[in-house]
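Next up: the structures, one after another.
You will see chain A twice below: alongside chain B first, and alongside chain C after that.
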Partner chain A sequence: MTDDLRKGRIVIVGASLAGLRAAETLREEGFTGSLTVVGDEAYPPYDRPPLSKQVLLGQTAPDATGLPIRRDPDAEWRLGVRATGLDPMGKRVLLSDGDPLPFDRLLIATGTRARPWPNPEEAALEGVFTLRTCDDAGGLAARLAAGPRRVLVIGGGFTGSEIASACRERGLEVTVAERGPGPLVGALGGTLSKLAAAMHRGHGVDLRCGVTVTALHGDGGGRFIGADLSDGSRVEADVCVVALGAVRNVEWLADAGLAAGPRGVACDAGCRAFNMYGIVTDDVFVAGDVSRFPHPLFEYQMLSLEHWGNAVAQAEVAAHNMVSPGPLRRPHLAVPMFWSSQFGLNIKSVGVPSFSDQVVIAQGSLEARRLAMVYGYRGRVTAAVTVNMAKSLEYYQHLIETAAPFPPAPGAADRPMAAEIPVPSDVPDPKGLSHGPTVALTGYLPDRRLTVVQH
Partner chain B sequence: MQIVVDLTLCQGYAQCVFLAPEVFRLHGEEALLYTPTVPDDQLERVRQAAAACPVQAILVGEEVSAGDR
Partner chain C sequence: MTEDTLLERITDYANRPDPYPLYAELREAGPVVRQADGSYLVGTYHEIAALLHDPRISADPRSRPASAGDLYEEGAQPPFLRLDDPEHHRLRTLAMRPFGPPHSPGRVDAMRGQIADITRELLQGFRDREQIDIVDDFAYPLPVTVICRLLGVPREDEPLFREWSDVLVAGADVKPGEDTTERNQATQQARAEMGRYLLDLAERRRTHPSDDLLSAFVNEPDPALRLTREELAQTAVLLLIAGHETTVNLITNGVLTLLRQPDQLDRLRREPGLLPSAVEELLRYEPPVHMRERIPLADIGLAGTTLPTGSTVVLALASGNRDPKRFHDPDRFEPARPDNQHLGFGSGIHLCYGGPLARIEAQTALGALIPLLGTAALVQDPPPLPAERHAPRPPPPPPRRDQ
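Here is the complex of A and B:
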């Protein structure tokens, strides 16, 4: 049986981080059959995190972030080709260009795209950008290099904050408009959001929270010149970056009969897709940003993660399971991890900070801009975030993996606890934010929203 | 040659920064930024940095070549 699984035809849709890592792993695991990778971008797989960092800082060219391969996956790359549908009975992927592609096993790794500005006419104004692809980054970096008078960033999530940070580092005036109470609040909760707001302002960002952008304006020639805010004020700027979070690329699966929707494609812990009846398929697998999967450390909530590390880990598990018989299959149990660098700070997170009711600063302090914050839910540790203290993260990861009691005992990395009084974690309902949280709990947890009320 | 650093693993030990400062640099105290496309005169230094990284976070390889399309 194992031999059979190592042969046949595998198709991967999505030629980015998850698709590439899966392709390599399939070969490492002994797959000798035919392998085809379909990707609608015209470029070989490239890395996205540098796009909002090195590329916007002008240190790296937008087309120079190609991902290295560990080994040649000996695949046929169908780049610049879009998958338009999946025929589950005929086991074929329909393509925008050419004949349908038959498969024995399929991996869905179509990731996400930037959520566009809702008004298409305003979105089309020259000078209005989103940031997801290297083409986006190239266009935006060129505009920043040309020295605009002011940049307006809509959304204070990780991407929006990194863009604002890059603009300030380049000496550009920047306004950030966020509907929620502060930047990063959806991902990190109230306390760290205050630190993030202080970093924005300390670096000269004109930060406007609790406001929405109601309209973008162009001049007669269709160039962006400014925006109206819900508080009646107006921002004059010549570049606007819409950083409103991500949309999952699932439209091509509309008729596939899978459990695919705005929150992603649901799959089991072994990366096998569920069909629309909640029955697990055995030939369609999912990995990366487009997936939604149950995690035992978080009460089997279905997690949607927009994390680099998750795309890598899940792609490796999916690939292993695609060529392994049932008893040899592995679960994807990696603890979620994320990093962001902005305003000179290294922010790293482990676990799911939004899965929390309380937080405590376990090491360092907000004033020192160096700290480890631990998140708890119903008396156990569920997440930790470090700011310029990356070396401590491993310790907290261990606490999460062992479901250690919250608040944690003193002794992390032999430093005393900075504070013993936990405070509410203050993670608001994502519906009230401009930025999407990069982790979404998409299952049911009826009492979670109560935390906000505890002020 | 292309590199990617698994920054979920990276702990900011900065060995790579000492070994190949033209490719790796710290932004602030411990946020690592690097040049994904390694200049030819830095290949050897980058290989040394990858070998020296205590958490083996630096992945070195070639890009998927356009010829495979």
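Here is the complex of A and C:
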């Protein structure tokens, strides 16, 4: 059986981080069959985190973030080709270009795309950007280098905050409009959101919270010139970056009968996709941003993560399971982890901060801009976020993995008074935020009728 | 021969050439093994890593209940290696400013050329030699020359600071049950003298600045980022000693390991691309630092044992590096080993400050030496230990070239 699994045809749809790592791992694990990787972007796999950082600062060219290849995956690369459908009975992937692609096993790693501005005419104004691809980053970086008078960033999530930080570092005037009470509030909760707001303002960002952008305006030539806000004010700017989170690339799966929806494609802990009846498939696997998977550390809720590290870890597990018989399959149990750098701060997170009811500052202090914030849910440690204290993260990861009691035991040499005082974590309802949350605990929707919703 | 004397046996000079069977005995005895002197010995990878990352564990000897003959007099502050956060972080960050990221990201990498030049000069002296002393002729002078240039210490002062350095390194040796009063006094005196010497050098950099760390430290324009005199003395002593002592051992252990395993030596000669991972494997297989001492600031539960507040906890890093629960086939030297997150540089907040420099030095030194080793063999195996070498200076020992 093992031998059979090492042969045959595997198709990976998605040629970014998860797709590449899965392809490499398949070969590492002894897969000798044919391997095809389909990607709708025309470029070989590249790294996205630098796009909102070094690329916008002009330190790295937008086409210079190619991902290192760990081993040659000996694959046929179909780049610039979009998957348009999946025929589960015929076991074929339909393509925008060319004949359907037959497979024995399929990996879905189509990731996400930037959520566009809802009004297409306004979104088409020259000077209005989203940031997801290297083309986006190249265009935006060129505009920033040309020295616009002001940049409007819509959305104060991680991407919006990093863009604002890069603009300030380039000496550009920036306005950030955030519908929630503060930047990063959806991912990190109330306390760190206040620190984030102070960092924005301390670095000269014109931060507007509790407002939405109601309209984008262009001049007669179709160039963006400013926006109206819901508080009646108006922002005049030459560049607008729409940073409203991500949309999962699942539309191509609409007729595939899979449990695919706006939160992603549901799969089991072994990365096997569920069909719409909740029955696990044998030959369709999912990895990366497009997946939703149950995590036992978080009460088996379905996690949707847009994290670099999750894409790598989950792709490796998916690839292993694609070529391994049942008893040798592995679960994807990695503890979620991500990082951001903005306004001179290194922010790192482990666990799921939004899965919390209380937080406590266990080490350091807000004043020092250096701290470890620990998140608890019903008396257990569920997450930790460090600010300029990344080396502390592993200790808290261990606490999360062992379901250690919250608040954490005293004794840290740099433990502040505040460590005695847990406060509400103050994570708002994601629906109230203008950017999508980076981590979403989506739960199980109690659908009684199963129908495919076309939209 | 019971397990509560393991630390004593491990540190016994007779067992130092090969303590690994004792480490195996230690891991067998359990993750945490209480010693007859009241200390706790930890020899398994995951437990060592957990303690290195635990913010409730102190590196500061003053965290221990006061006892006679302690290494640091009242009021005297240890260097950042033996301090806890936030003070450790403040000093380490200041020391890092002219040395590494984020303020000096290219510094260490830019030294590659210099390191290669120094290595080449040293190796030139090897031509036509029947016998070479790897320590005295190569592994010692290379990192010493490098750290002197980096820090801004005249190379010709080496005999002077070598004396202090030897006393300080001997003072850091773990020897349970020994009366350390006399040794600690000598250590304090050496540290004070070496500190004064380095402060003098630094003072001269105020008027004659150059591109070295001492100049950067004394000429820091922002008063908030400036080290006090005492901090500067402590930091400079730490960097000078830690900046070479461990690298000498790393390079030496590398040569020793390769001479003992000619097939691996051959393999590296054929595949020089393996050198970076071979150096990582060396840091796992024969690390320069075998043990670190820590003190719990609270009662810490670990693998079913409570480490009491104020007790002495000895982390046997070299044992963790050979833990079969972490590393596949751990007693095998495998230069291409994947997933090699060894404890050779420690881990957590005290992760080796000079690790990136040590890596380049070891890679350069071994890379240049390997093609010359030919059919070289050890004169004596195991070679004499540092304590035997340095007491009365040599008899000159290690490798011999057969030709």
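Definition applied: the second predicted complex is superposed on the first by the 435 of 455 C-alpha atoms of A that agree within 3 Å, B and C clash if a C-alpha of one lies under 4 Å from a C-alpha of the other, contacts with A are read in each partner's own complex, and residues count from 1 in each chain.
Criterion: contacts are C-beta pairs under 8 Å (C-beta built on N, C-alpha and C of every residue); 3 or more make two chains touch, one makes a residue touch a chain.
This is a predicted model, so every value here is computed, not measured.
By the touch criterion defined above, A:Lys391 reaches both chain B and chain C. By the touch criterion stated above, A:Leu67 is placed in contact with chain B alone, chain C being left untouched.
When the two complexes are overlaid on their common chain A, residue A:Phe355 makes contact with neither chain B nor chain C.
In the superposition on chain A, contact of A:Phe338 is made with chain B only, not with chain C.
Of the two partner chains placed around the shared chain by superposition, chain C is the only one that A:Gly364 touches, whereas chain B remains out of contact. Residue contacts after overlaying the shared chain place A:Ala409 against chain C, while chain B stays out of touching range. Once the two complexes are laid over each other on the shared chain, residue contacts for A:Phe103 go to neither chain B nor chain C.
Partner contacting the larger number of chain A residues, of chain B and chain C: B.
Looking at the shared chain after the overlay, A:Phe224 reaches neither chain B nor chain C.
When the two complexes are laid over each other on chain A, chain A has residues 370, 391, 394 in contact with both chain B and chain C.
Only residues 1-4, 6-8, 10-12, 27-37, 59-66, 68-69 of chain B touch chain A when the two sit together in their complex. Within the complex formed with chain C, the chain A residues making contact are 362-364, 368, 370, 372, 391-392, 394-395, 398, 409-415. Residues 49-50, 53-56, 58, 60, 84-86, 89, 296-298, 300, 347-349, 351 of chain C are the ones that touch chain A when the two sit in their complex.
Of all the residues in chain A, the ones that touch chain B in their complex are 20, 44-45, 47, 49-50, 53-54, 57, 59-61, 64-70, 72, 75-79, 307-309, 312, 337-339, 341, 343-346, 348, 370, 388, 390-391, 393-394.
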